[in-house]
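Chain nomenclature is as follows: A, B, C, D, E and F, assigned in order of appearance, with residue numbering initiated at 1 for each chain independently.
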Amino acid sequence: MQIKVINGNTFAAMTKGIDESAQAARSPMTEIITTQPRSGPQSIESYYDEYLAIPGILEEIRLSPDVDAFVIACWGDPGVEAARELTTKPVVGIAEASMYVANMLAARWGVITTQHRSLHMVLQTIHKTGFTHRCVSVRTTGIPVVETETARSQTVDRLEAEARKAIATDRVEALCLGCAGMGGLDKDLEQRLGIPVIDSVAAAVKLAEALVSLQKYTSKALTYQFPAAKPILGYSPSMQLDQGA
Amino acid sequence: MQIKVINGNTFAAMTKGIDESAQAARSPMTEIITTQPRSGPQSIESYYDEYLAIPGILEEIRLSPDVDAFVIACWGDPGVEAARELTTKPVVGIAEASMYVANMLAARWGVITTQHRSLHMVLQTIHKTGFTHRCVSVRTTGIPVVETETARSQTVDRLEAEARKAIATDRVEALCLGCAGMGGLDKDLEQRLGIPVIDSVAAAVKLAEALVSLQKYTSKALTYQFPAAKPILGYSPSMQLDQGA
Amino acid sequence: MQIKVINGNTFAAMTKGIDESAQAARSPMTEIITTQPRSGPQSIESYYDEYLAIPGILEEIRLSPDVDAFVIACWGDPGVEAARELTTKPVVGIAEASMYVANMLAARWGVITTQHRSLHMVLQTIHKTGFTHRCVSVRTTGIPVVETETARSQTVDRLEAEARKAIATDRVEALCLGCAGMGGLDKDLEQRLGIPVIDSVAAAVKLAEALVSLQKYTSKALTYQFPAAKPILGYSPSMQLDQGA
Amino acid sequence: MQIKVINGNTFAAMTKGIDESAQAARSPMTEIITTQPRSGPQSIESYYDEYLAIPGILEEIRLSPDVDAFVIACWGDPGVEAARELTTKPVVGIAEASMYVANMLAARWGVITTQHRSLHMVLQTIHKTGFTHRCVSVRTTGIPVVETETARSQTVDRLEAEARKAIATDRVEALCLGCAGMGGLDKDLEQRLGIPVIDSVAAAVKLAEALVSLQKYTSKALTYQFPAAKPILGYSPSMQLDQGA
Amino acid sequence: MQIKVINGNTFAAMTKGIDESAQAARSPMTEIITTQPRSGPQSIESYYDEYLAIPGILEEIRLSPDVDAFVIACWGDPGVEAARELTTKPVVGIAEASMYVANMLAARWGVITTQHRSLHMVLQTIHKTGFTHRCVSVRTTGIPVVETETARSQTVDRLEAEARKAIATDRVEALCLGCAGMGGLDKDLEQRLGIPVIDSVAAAVKLAEALVSLQKYTSKALTYQFPAAKPILGYSPSMQLDQGA
Amino acid sequence: MQIKVINGNTFAAMTKGIDESAQAARSPMTEIITTQPRSGPQSIESYYDEYLAIPGILEEIRLSPDVDAFVIACWGDPGVEAARELTTKPVVGIAEASMYVANMLAARWGVITTQHRSLHMVLQTIHKTGFTHRCVSVRTTGIPVVETETARSQTVDRLEAEARKAIATDRVEALCLGCAGMGGLDKDLEQRLGIPVIDSVAAAVKLAEALVSLQKYTSKALTYQFPAAKPILGYSPSMQLDQGA
C-alpha cells in the first residue's frame, strides 16, 4: 500500500519532519511517499497562506493517480474537499484524524497550536466538524510554524507550559498537536504531561491505512464527483481536467 | 467611493453580468470597478474550482490598494477571510450579504442555486454563518453556471419552477439567488413568485457602501492581521508580501 | 428617501442622541425622522420595560405609512417581528444591524452594554440570531441607560475599561455598542482601543438605506402577513387594524 | 394555594374554556382564579397581537400580589420573562409546561396549532427553549383561534386530521396542543389517536402547583430582579413601579 | 396515588435520605414508596457504577406494576428510557425534573455535584436535554457520594463554597443539586446563598404527581413500546419479558 | 496485536458473523478474539435490551486485561464510556467508527438500521457525537436483528430498497450499516447501490488497530479514571473492583 503524505507548505525541513512521523507510524506493508507542493508558502499561518497552499496540494493529488491514499499534512485540512473530488482514493486530513483519535481516547480534549492569530481558524475547524462539545480548550503558543522544526527544544517547553494550563484550567484529558510541524513531539509531551498527546500526522497515516484496508473509496455520488472539465487560466497543465476527469 | 467587485471566475460574460447588477445597485456617488481574476476556472461549480479561483481573487485585492471596499462576487464567499487579511478596507461576500438581507425581510428563507453537487457547499456556508434555523430550503436546479449567462430565459424558468416548490413545500418567504450569474433575475422572479428575491451581488454592493459610509475598517486585532512576509513559491510578484505587509 | 428612526424609550435626550447618530450616518439623499413613542418607559433596562415599550414603537410604525423604511433604535430589537407585520417597508433593528456589521469586520466580536441584569437578554438576542460562535464576549458595565446620555464622559471611560478586558481576556476584535444611548461614542472608543467599535444606530440606518435602494420589501408570504383585523381593547384608534390591514 | 391563570387574549369564551381546563386539572387544595387582561386583542394570531397582549398580561401580575403562582395561558408564553421580574411567585408559561410534559412522556413529539402564519413563532419558541432535537413536527391547521371555542367539533376533526399526518409522516409519539383555546380537547384526541395529547393549560397548572409546593420562588439574583422605578408614559397607575418595586 | 422512588444505588442511608426528601415533598394524597435496587453499586460515581446500577433500577420498575408513577433518584437519570419502555406509567428522572424547575425559576442556572470526574457526565446530560444555553455553570466539589449522607455538615459547607464561586464568577441565579444524596440541603443552602436551590428528588416527586394528576401515560407509539420478549441470559426471572410484555 | 471484539448480544450466530467481519478486516499481524457476553439479551432492539447487555459487555473487558484493544460490536456503542474506565487499552465502538469513516468518504451520509423503534436511539447517538449536520438520513427497515443473520437474502433486499430511498430522497452519498448483524453485507450493497457502504464492525477493527499502532491509551486524567472500589451487589466476582482498580 502506498500513501502519499502531502506537506501543506513548501518548507523542506518540515517535509522531512512530517516524513519521519509518517514513517514511524506506518505499518510494515505501507510505503510512505512524503512530498511538498511545488507552489505555496513556506508556512501556513494565515488564511492567505492557506489559500495559496491549496492549489499546490491539489496538484500533488493530480500527480499521483496510482497511490492508494492521500494524507494532507496541515492542521486545518486545507483543500480536503477538493482533493476528494479529484480522486476515488481516500483522502484524510490531519485535523479530522487527530480529532477522531482524541474522541476515542478522552471525553474532554483540546488543541494546542502555534500562532495566536490561528485561534479562530482552529475553532472554525472544530465547529465545522461538529466537536464543539468535546473540544474544551484551544490554546495558542505564539510559536512561528518554522520554529517547530528549527527550535525543537524551546517548542516542546512552550507546548508543555501551555498544555499544563489546559489541564489545570480547562480540564482537558488529551491534546491534539495542532500543527504538522509538531510531529514526533507527542511522546516527549506525554511523558511530561501524563495524558495522551496526538501526533496528528501519525493519526492520519493510520486512518488512511484503515480506509485502504477496508477497500473504501471516496463517494462519487454527488458532492465529490469529479470536477467538470473547463478552461482554467494560469495553472500548469497538471491542473487541467479532461472530459470525464 | 470606489468599490471593486471581483467576479470569482474568469468568464467574461459573467463579469459583464455582475457589473450590470453592481452598477444598477450602486449609489450615485459610488464608482464600481468590476474585474475578473487573471487566473482560475471559467466557472465555480466544485470545491476544486473554488480553490483554484481563490489565488486570483486575492490577487485582485492586492492589485487595488486604493479602492474603498471589495465585493467577492461568488456565492460561497471564496477566500473572504484571506481577503480581509490583505487589506484594512471592508470586504463583503455575496453569500453573507444576501443572507443578512434575507434575514431582515423574511422569517423563513431559502437559497436557490445551480449545480446539484453544490448542495453540501451551500449548506456548509449557511451552517458556518449560523443561519440553519432561518434558511429552511436549499434547492438546486442542475443549471450549469455558464448557462446562467448564456441561456437567461431557460434559467429563469427553471428557477421559477424550483422556487415554486420551495414556497409550497418548504414555506419559504424569500429567496437568495445562490450564484453571481443570477444577478438581475430578481425582479423578474419577484413578479412571478410574489416574494422577495435577492440579487446577491446587488446586496453585497449596498452593504459594502454601508461599511464605507460608516468609516469602518477590517479589524487587524488578531485573526485578520496582515499575513507575515515569507517565501511563497510559484506565484506572481503581486502575491509576495513585504515585511509589514 | 425617508427613514423613520424610532427610539425605543421615551427619554427625549436619548431621542436627540439617536437622531445625531442617524443624521451623521445618513446618505445625502436620505431624510431621517427620529421619534420616540407616545407611551412607554424612560429607559429599557428590563423585560418589563421592553414589553411596555413595544406598543408605542408599533404605533410609530402605524403613524407613518409613507416613509421608506424604519429603524428600531433599541438593542434587543423590541417588537421587530410585529413591526414587519404592520408594513411592507423594510424594518431594521439596531441589534441585528450591528451584529451583521461586526461579522463583516472581525472574526471574533463582542457586545458591551449597560445594566448587569441585561446579560441574559443580550445572550438571548445573539442565540436567536445564530451568532453564538462569533460573539465571544458579552460584557456589562452597570451604567444606567439614562446616564449614557447624561454622563457621557464617565460612560466612555467605563466602556473603555470593560472593553479592554474583552480584548485581553476574550480576544475580541470588534465591539458592538449594545445600547442606542451609546451612539456617537464609537469614534472615541476606536481611537482608544484600536479595534472597530460599532454605533448600532448608525449601522441600522445604513442597512435600512441599503434595503430601500435594493427596492426590497418585507415579505408578506406567511409570517409577516398583515395582522387580521379584530377587536383590541385599551389601545388608541391608531392601533386598530382595518379589514385588509 | 391560589393560582392565577391569565388568558393571553380578551375573548371571554376562551377565558371560560381555559378556566374549565384549569379547574379540571387543579388539586383539591388549589383555588384557580382565571382572568383575562383589561387590554389587548381578542385572539393572539400574530406578533402584533402578542405584543399588544403583553402589557395587559403583566397588569394581571401586578394586580394580584397575594396569589401563590401565575400561569400565562397562551402558547408562546408572551411576557413570561417580564412577569418573572414583577413577582417572587413562580410564573409558568403553557408552552414550556407542555414541552416539559411531552419530554417526559415521549422521545419524539410535536406541536399542533392554529394559524399557518404561526409556524415560525412556534419554531422560535422551541429553538429558544432548546428542544429542536425532540420536537420533530410542527403542524398548523389554519383554524382561527376564535373558532377553537366557537366551533369545537370542526376544530377537533381538523386537529385529528393533521395529527394523523404528524404520526404517519413525522413519527411523533405525543402532541402538545399549541393554543390555550384547545384546552379540554386532549382526552378526545387521545382516544382517536392513541398517543398522549397534552392540554397545555392543564400542564401549566400542575407545574405551577409543583413549584408552590416546593416552596420555590423566582430568582431575584440578576435577570429577574424587580424592574427599577422610572417614568412610564401612557399606562395605568397599576403599571407604575415604586422605588424598591 | 402511589409513587415509587427508586434510589439508583444500594446504600441504605441514602435510600433513607431520599425517602425523607420525597416524603417532605409529596402531596397529602400521595403515598411514597422508596426503594433501592437489589443489585448494583453502593454509590454512582462513574459510568461503570451507573451501568451496573441500571438493571437493578429496571427490576424495581418490573416489580411494581401497580404504582402510579416512578421516580429514578440519581442525577443522570440512569436507565430512564428503558424504564419508560417497561411501563405505561410516567417515569421521571431527577436530573430532568430539576432542570425544568430551574428553567422556570431563573434565566441562568447551574449544577453543583460531587466527584470531579462527573463533570463530563453532567455536561452530557445537559447537552442531551438541550439546555446548554441555560445551564451556565457546572461545578464539582470532590465530595464522595457516600459522604453526602455521612458528613452532612462538611458537605453543605463545601457546597456553599463552590456555589459562591458559581454566583460570583458564572453569575448563576439558581442551582440544581446534582446528587440524590444532597436532598434536604436545599433550604439551608438557599438561606446561605439567597438564590433558589433545587432538591432534585423533591422536584421529581412533584412532576411525577403532576403527570399522574394529568392522567398522562408514557407513549407506546414507537420508541417506548414494550420490549419484545426474547431470551435474556444471567438475569432473574423478574427481568424476563412475556410475549406482549 | 490482539483485539477483543465483543458482540453486544448473546446470539451465537451473530457472534460468528461479527467474527467473520472482523477477521476479514484485520491486518495480518492482528489476532481477533470475538466473544459474546455471558449475560444479556439475544438481540439489542430496545433501551431495555441495551442496558441489560452492558454489564456483560463490561465483564468481557474485565476478563481480558492482556489484549491490546477492544471493539464493542453493537451500533449505539453500549457502555463504551464505562469500558474506557475499566482499562487503559483503547476501546472503539462500531457506531463512532462507522461515522468517522463515513465522514472521510462522503459529505452527506446516512445510517440504515433494523427496528423502526430504534429511530430515536440512532438519532441520539448522532446528536451525542456531533454529526447532525453530516448525517442527513436515518432509515429503519423493520427487520428484526436476529433475521440479519438468519435471513441474509431478504435482509439485503430490504436494505437495498430503503437505501435507494435514502439516495433518491435524502441524497446520501454513503451509508453506515447500523447493526453489527449487517457485517459483510457492505460489498454486496455497494455493488447494487454504487455508493460506499460501511461495515461498522470492520471499521471499528481498523480504528482499534490504528490506536494500538499509535501506542495510544485511554486517558486516565479525569472522566475515564478507574472506578473506585466499592461494594457492588448482585454481580459476579469478575465485576468487583480492587482498591487501585
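Keep in mind that, in the parts below, contacts are C-beta pairs under 8 Å (C-beta built on N, C-alpha and C of every residue); 3 or more make two chains touch, one makes a residue touch a chain.
A quick note: this is a predicted structure, and the numbers were derived from the prediction, not measured.
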To the nearest 5 degrees, please report the angle of the rotation taking subunit C's Cα atoms onto subunit F. 180
Report same or different for the subunit C and subunit D interface, where same means the shared residue numbers exceed half of all residue numbers found there. same
Note: subunit B sits from subunit A at a C-alpha centroid distance in Å of 29
Can you compute the centre-to-centre distance for subunit D and subunit F, using the mean CA position of each chain? Integer Å is fine. 43
How many angstrom between the C-alpha centroids of subunit D and subunit A? 52
Check each residue of subunit E and list the ones that touch at least two other chains. 81, 107-108, 119-120, 127, 132-133, 171, 222-223
Pairwise chain contacts, counting only pairs that touch as defined: A-B, A-C, A-E, A-F, B-C, B-D, B-F, C-D, C-E, D-E, D-F, E-F
Which of the residues in subunit B end up touching subunit A in this complex? 10, 37-43, 45-52, 54-56, 58, 79, 81-82, 84-86, 116-117, 119-121, 124, 127-128, 144, 222-223, 225, 227-228, 230-235, 239, 241
Of all residues in subunit E, which touch subunit D in the complex? 25, 27-29, 81, 90-92, 96, 100-101, 103-108, 129-134, 167, 171-174, 194-196, 198-199, 202-203, 206-207, 209-211, 213-214, 216-219, 221-224
Which residues of subunit E touch subunit A in the complex? 119-120, 123, 127, 132
As the complex stands, subunit B meets subunit D at residues 107-108, 133, 171
